[in-house]
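One structure, as structure tokens, below. Some questions next.
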Amino acid sequence: MTSSPSPTISAPALEMRGITKRYPGVIANDRIDLTVRPGEIHALLGENGAGKSTLMNILYGLTRPDEGEILLDGEPITIKGPSDAIARGISMVHQHFMLVPVLNVADNILLGAETMANRVFLDRDEARRRIRELGQRFGFDIDPDETVGRLSVGWQQRVEILKALYREARILVLDEPTAVLTPQETKEIFAVLRRLAAEGHSIIFISHKLSEVLEIADRITVIRRGRVVGERLPADTNEEDLAELMVGREVQLVADRGESHPADVLLSVESLAVGDDRGREVVHGISFEVRAGEIFGIAGVAGNGQDELVEAITGLRRPAAGRVRLGADDVTMADPRQAHEHGISFVPADRHRFGMVTSFSLADNLVLTDYYAPPYARRGVRDDAAIAARAEEAIREFDIRTPSATVTAGTLSGGNQQKMVVAREFDRDLRLLVLDQPTRGLDVGSVEFIHRQTVRKRDAGTAVLLVSAELDEVLELSDRIGVMYRGKMVAILDGPTASREHVGLLMATGGHETPEGAPQGAAAPEPRRTGA
Amino acid sequence: MRSRSIALVGLAVVAIIASACSSAATPVPGLKIGLVTDVGTLNDKNFNQYSWEGAQAGASAIGAQAPQSAVSSVSADIAKNIQSFVDQKYDVIVTVGFAAGSDTIKAAKANKGIKFIGVDQSPCLDASGVEDPTFGCKGDAAALLPNLVGIQWKEQQPGYLAGIVAASISKSGHIAAIGGTAAVPAVPNYMLGYASGAKSVKSSIKVELQYISPAPDKAAFADPAGGTAFAKQLLAKFTDVDVLFQVAGLTGNGVLQAACDAKIYGIGVDVDQFLSTPDTAKCTVVSAEKKLSKNVSDQIQKVKAGTFKAGTAKLDIGSNDVGLSPFHDSASLITPATQKLIDDAVAAMKAGTLKACDENAFGGCNIPK
Amino acid sequence: MLTGLFDIPVLGLILQLLDFLLNVVTVNGPVILSLATPLALGAMCGVISERSGVVNIGIEGMMLASAFSAWLVASVAAQAFPAEPGFFFGVTPALLIGLAAALATGVAFSLVHAWLSISIRADQIISGTIINIVAFGVTAYLDLLLSRTSQPSGGKFVAFAPPQALLDLPVIGWLFRMVLAQGPITMAAIVIAVVFQVLLFRSRWGLRTRAVGEHPKAAETVGIDVIRLRYRNVLAGGLLAGLAGAWFTIDFGTTFQTGMTNGRGFIALAAMIFGRWHPIGAFGAALLFAASGALGTAIRTTPPPGQLGEILISIPEQVFSALPYLVTIAVLAGVVGRSVAPAADGQPYEREATH
Amino acid sequence: MRVDLRTPLARARSLIALPAGAILLAFIVGAVVMLVSSPLVTGHFDPSLPLRTYAAIVEGSLLSVNALVDTVVAATPLILVGLAVGLGFKAGLFNIGGQGQFLMGAVASAAAGAALAHESPIVAITLSVLAGVLAGAAYGFIPGLLKAYTGAHEVVTTIMLNYVGIQVISYLITGPLRAQGASFARSPDVQNAELPAFLNVGTGHEAHIGILVILVVVPAISWLLYRSTTGFEIRTVGANPDAARYAGMQPRRLVILSLTVGGMLAGLAGAIEILGVSGYMPAAYATNVGFDAITVALLGRATPGGIFFSGLLLGALRAGAPLMQVKAGVPVQMIDLLQGIILFFLTADVIVRFVFRVRAGHAKLDELQTVTRSYGSGTGKP
């Protein structure tokens, strides 16, 4: 893009021209142009898998482009690796923080850009001094000796930004920086970013969240399927426009989910308290009910206890207190097998970790939770014919694109893998369907398919518990919406009438007038460990 | 590409089979002598190695072709190796070590036409001629298995002589012997003889008898570093010990190393260690020898000469099959008085008036509780 | 002065035991330290490699191969360059050449391990197993063949002789005897442990090593070449294993014997774990394991008098031989505190950002 | 996807292409080593030495009934312990403890055999074998339990237990189990518990009935892994422990089960060796079966069928070793070396692919990915 819509006259700090990167079978980046000016916050907007990360990995030297060139201050350069990028003033804050949890803040920041007392030894005193100074300059007070693993996610992100500043980065790339933040933390980080931009740093802000992009960016580049499909100034655009660019057609933000006909209460959760892996309580006495034939959506910023709640209901995690009932049955202490046999189906958030075995055949994966029971097995002996028949049926019914049922599941596309999980979990005699981020990272077609299937299950009288970090997904599908904030259910709203703004506010503040989580002193940071 | 590798494999197979068939023929005149080692290696500076040297010497003495060795790397190899020599129609098979005893008896029983020489073995048979599971040894091995001779030694005799030397050269009156393990009779035999020899010179002498390992394992016989460490520890505790007798194979070579490091006297075992382990020659005063190589060689020559005598050959000082090595550089340490003590003891043992230790029915030493 | 208390039931027994332990350790300090040397060096080979994320169970094989080449090369060199032992540690050109050969062998074997586990991302435990099997096979094979020719040894380093006045000092004289009356490799091991400990936690290399072992991706994103750092560390580990091997044949002893490391590489592995992947900790664990062996020996050779002696003698001596292994299992199981490996230990690193 | 469209024959070829290539390359490297060292073997440079060596191995392991009997007898423990290691791989575990489990089985069956030496053979054999199996199982159970409940990594615990096992045996055989009257430390004769020979060709090469166990065990383990739901669970835990938990399986139970069953197999092998081959247990019983079995399991890609054939191959090498020494004068350690090199080329399959231009399917064991994975992850608790 040579004709920039920006009125700024300063020369571009960074230009990427005609960047192309091909992987077997896909073109991740197709002749992408990107121009970033000094002091500009430039948003790179696109769906998951649109090619944003590839582009940034190329900029950072983690991946080599097949074609195209990169110009820094008008000079063409080649970036051979991260150290090369860093040396040229380009730094990156990755979506999954690149911090070593067991090391302290200072060591994490020093790593790779060590301040040396002599040829061999580090000068930690000097490093601490510089870190404190930098932090104060950008409005936060950080303890360089705190172990990073003990910091909250928001503070970890500040460490990441400090890392970049310590390296005197002029161009700072942030990949989905708000994905794991609370709205309050997001606000704080935005303040930091604005300050950085004011000091002349260029910031590339990667996101797929329209509202954030509109709030923070000076300029927005939208990419779709590896191509730049448009550039906008926030003043000249709106969410609908950006969404259309991003997804490639007019998106109906509210899908037709029909009317629900809820019946009796099926799932009832009473004062449920759940601890995390380290034994700290992260779900504090939650109560709610889901009726047969309704979709109960749980909205909330990721990391507010949703995962633990879902794992407690599906038996993967033992609750610390409270009760979970399914109809007349007490399933509080059920293990996954018992939960399954009570008619609970679960589509987990991380399908590669929980939902499937990539080295197993599609057929084996389709019976992963039912393998032990008739018709797939009798008295401990598998019935391969029945398993094969089941696979054929599921492939047909759920439109799983595969050459056969015997291929290993790992060779399927993400969408087809999720269809496989959905086929297994939806297509059985079940009472409660628990969906945790069921469409994360999927293409639009698969998303629609899964949403349709979900509504169908509801209409068939199944109780559905839907957890999603995508507020839009929750709003789109839910008959009722519970909002989780810091391990508590702060509100339960009627789905069709809930307003986006209201839910968003609840997610961000928990319903209090003044948002909690005012800046915390670095001396006593909230000891919350990231899941990354 | 595929055809290339198939051709390669095919060629190899043909070549191997062809050479296997061709090499099966061509008989060589004279006795074919094979040696099966105990678990370990051939160069163990111990039974395996000196039996092997004996087999070589014996073969050349009778003009037979050079003997062949088969090393046993695990316990199960011993029987397999013996069988392999049997299959190849060897005439004399030497097996080394007490652990090979059972397999040697079995093979000797099944192959009466082959002569077996069992080093450090004493065939113990029941009346029916199989190995006696109760170790009563009621059967007459010489009659039941006329093709097997087990060689054993009265190690207590050279041990006794070494004890005389040790007591005579010790200034502190405190000496020690370190054995690999008490679980192998030869070791306590040496050591108990050593103790009584020393006491015969000076009844007040203090003698430390210590064993490195409870079992005849690697630590006992194949761990020189462990032997050095054990000896150093002993010497650290008894700082006045000034003569150290090793009865622990390769582990014992480490013991001699420790003696050298501590600048005290060492006494070698089995062979003349002044010659066999030159690294520690400077502190090796003498060695308590059994003439292993010579005895194996003798047995082979007896086979050739037709004087082969089955049963257990318990070799002793009477036939000079055990004794002390030359003193080499240490000759000046040996006073005429000491030499006389040695000569007298040898004469008395030969005459049968002196027992080197509390001997049991099998010619070994009774181990005191 | 404590002996008066020895008659008190139970407590008296414990006091007697402490007295005995103290006695064993003081008397045998130098032996314990020299026996700990190959364990400590082997363990530090493990530390340096695993701190960067490469599991190394091939220490045993690396030590064995190095012991063999130190012996063989020193022996050949002694014939080529005959020389009188020098003043310091009885050094001769042959010994130095042998030492160099041991180090080179350690590096060569660790290069194989590095290539397999870093470059082609093979399972690191299998790679270590290969090292062990090949090292044993090749040394045993050659040793047997070489024994058919008579091969005099190339001699050995001798222990340093500190001034007697130093050793006679009250109380600390013992310490001087323990540390100074040692061969060069033992002394080097002490120095290496201290230097390595300081470097690991205070130098750029140490920081990077720890980061790579915990979170290689994070290290890569700040411009650290994970692959190169791992290679370097594994090869440096090979140097340490080589030094440990040389200890067997040109420092503590003079001859090579098939399989002579006799499982000490695996005790080194145990020391590394027990020492919680710290150089000093590993050294301490090695000392402890060596002391455990010395204790077993002391109980048999010179048991303490009285009831304590009876109790100790009634313990099968195999218990003391098995102690390092049992302690390691207990540590791993968290019975005696927990020892946690670097987070990325054993995981191959793939450089290209995956999509 | 591609694999699926091939004919079974092509699949079979792709399965054995890499192992076969690795073996061939190892033999070539071994030949080079022999060639270089031939002056030390025969006193002069001898280009025919490698050929004579391999010829002797082939003759001693294949070219006669006796040779074949030897091969099968030598292969039996390798296959059994190989299955123990392979089963571990399937469950995502690296069982280096085959050696210790084998030895425990051996000593237990020796003890039982000695105690039952005068019972009827059926009773004596049955109970002695059982004792070995149970002892092996117990020795596999320990690392399983430690792994399941404390996260202690099985690689380290099993190595440690191997060495502990040596000391246990030293204690037992020099102490309570020592045969009275025997001149050296060994257990008493098992007498009636000895496994009878079913095929005795009258030449000292006996096939004892123990080898028939293979005909039962190999299909049984295969059935367990691929036909039973428990096997499905084991394979799931091995491939993805989190998914196994999600699917309602009990990873801890399966970890313990896999190592215990592995211990049973290794213990059985130990029992068969003592009752069928040696007849008693010496204090310094030496074996290398634990490490041989790792090669067997890897060469057989952890599948029972593969382990059967690779066990036979290594058994043949072991069976041919005596004749190799006798006829070619090459030290037995050449077999160890060959084995290490086979393992090397198996692991460094890039070399095999390069040399033979093999385009076979991915050879790495999927199961192995989980083996070292848990090594550093803190507890590694399933």
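Per-chain numbering from 1; labels A, B, C and D assigned in written order.
The rule is short, and it goes like this: contacts are C-beta pairs under 8 Å (C-beta built on N, C-alpha and C of every residue); 3 or more make two chains touch, one makes a residue touch a chain.
Please read these numbers as outputs of a predicted model, since none were measured by experiment.
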Selected pair, greater C-beta contact count between B-D and A-D: B-D
Distance between the centres, which are taken as Cα means, of chain B and chain A, whole angstrom: 74
Centre-to-centre distance between chain C and chain A (centres being mean Cα positions), rounded to whole Å: 47
Interchain centroid distance [CA atoms averaged], chain B/chain D, Å: 33
Multi-chain contact sites of chain B, meaning residues that touch two or more partners: 42, 71, 73, 214, 218
Touching two or more other chains - residues of chain C: 140, 144, 258, 316, 318, 321, 343
Touch relationships between chains, expressed as pairs: A-C, A-D, B-C, B-D, C-D
Chain C-touching residues of chain B, taken from the complex the two chains share: 40-44, 49, 71, 73, 208, 210-211, 214, 218-219, 222-226, 228-230, 232-234, 236-238, 250, 253-254, 257, 261, 277-280
Chain B to chain D touching residues, read off their complex: 1, 4-5, 8-9, 12, 15-17, 19-20, 23-24, 34, 39, 42, 68-77, 79-81, 83-88, 98-99, 102, 107, 110-111, 122, 124, 131, 133-136, 181, 183-185, 213-218, 220, 362, 364
Chain B-touching residues of chain C, taken from the complex the two chains share: 27-28, 30-31, 34-35, 38, 140, 143-144, 147, 152-153, 155-156, 158-159, 248, 252-255, 257-260, 262, 293-294, 297-298, 300-302, 316-318, 321
In the complex with chain A, residue positions of chain D that touch it: 1, 4-5, 227-230, 232, 235-236, 239-240, 242-243, 245-249, 366
Chain B-facing residues of chain D, complex: 20-21, 24, 27, 48, 51-52, 54-56, 58-60, 63, 66, 70, 74, 117, 166, 169-171, 173-175, 179-185, 188-189, 191, 203-205, 273, 277-280, 282-288, 319, 321-323, 325-327, 329, 331-333, 336, 356-357
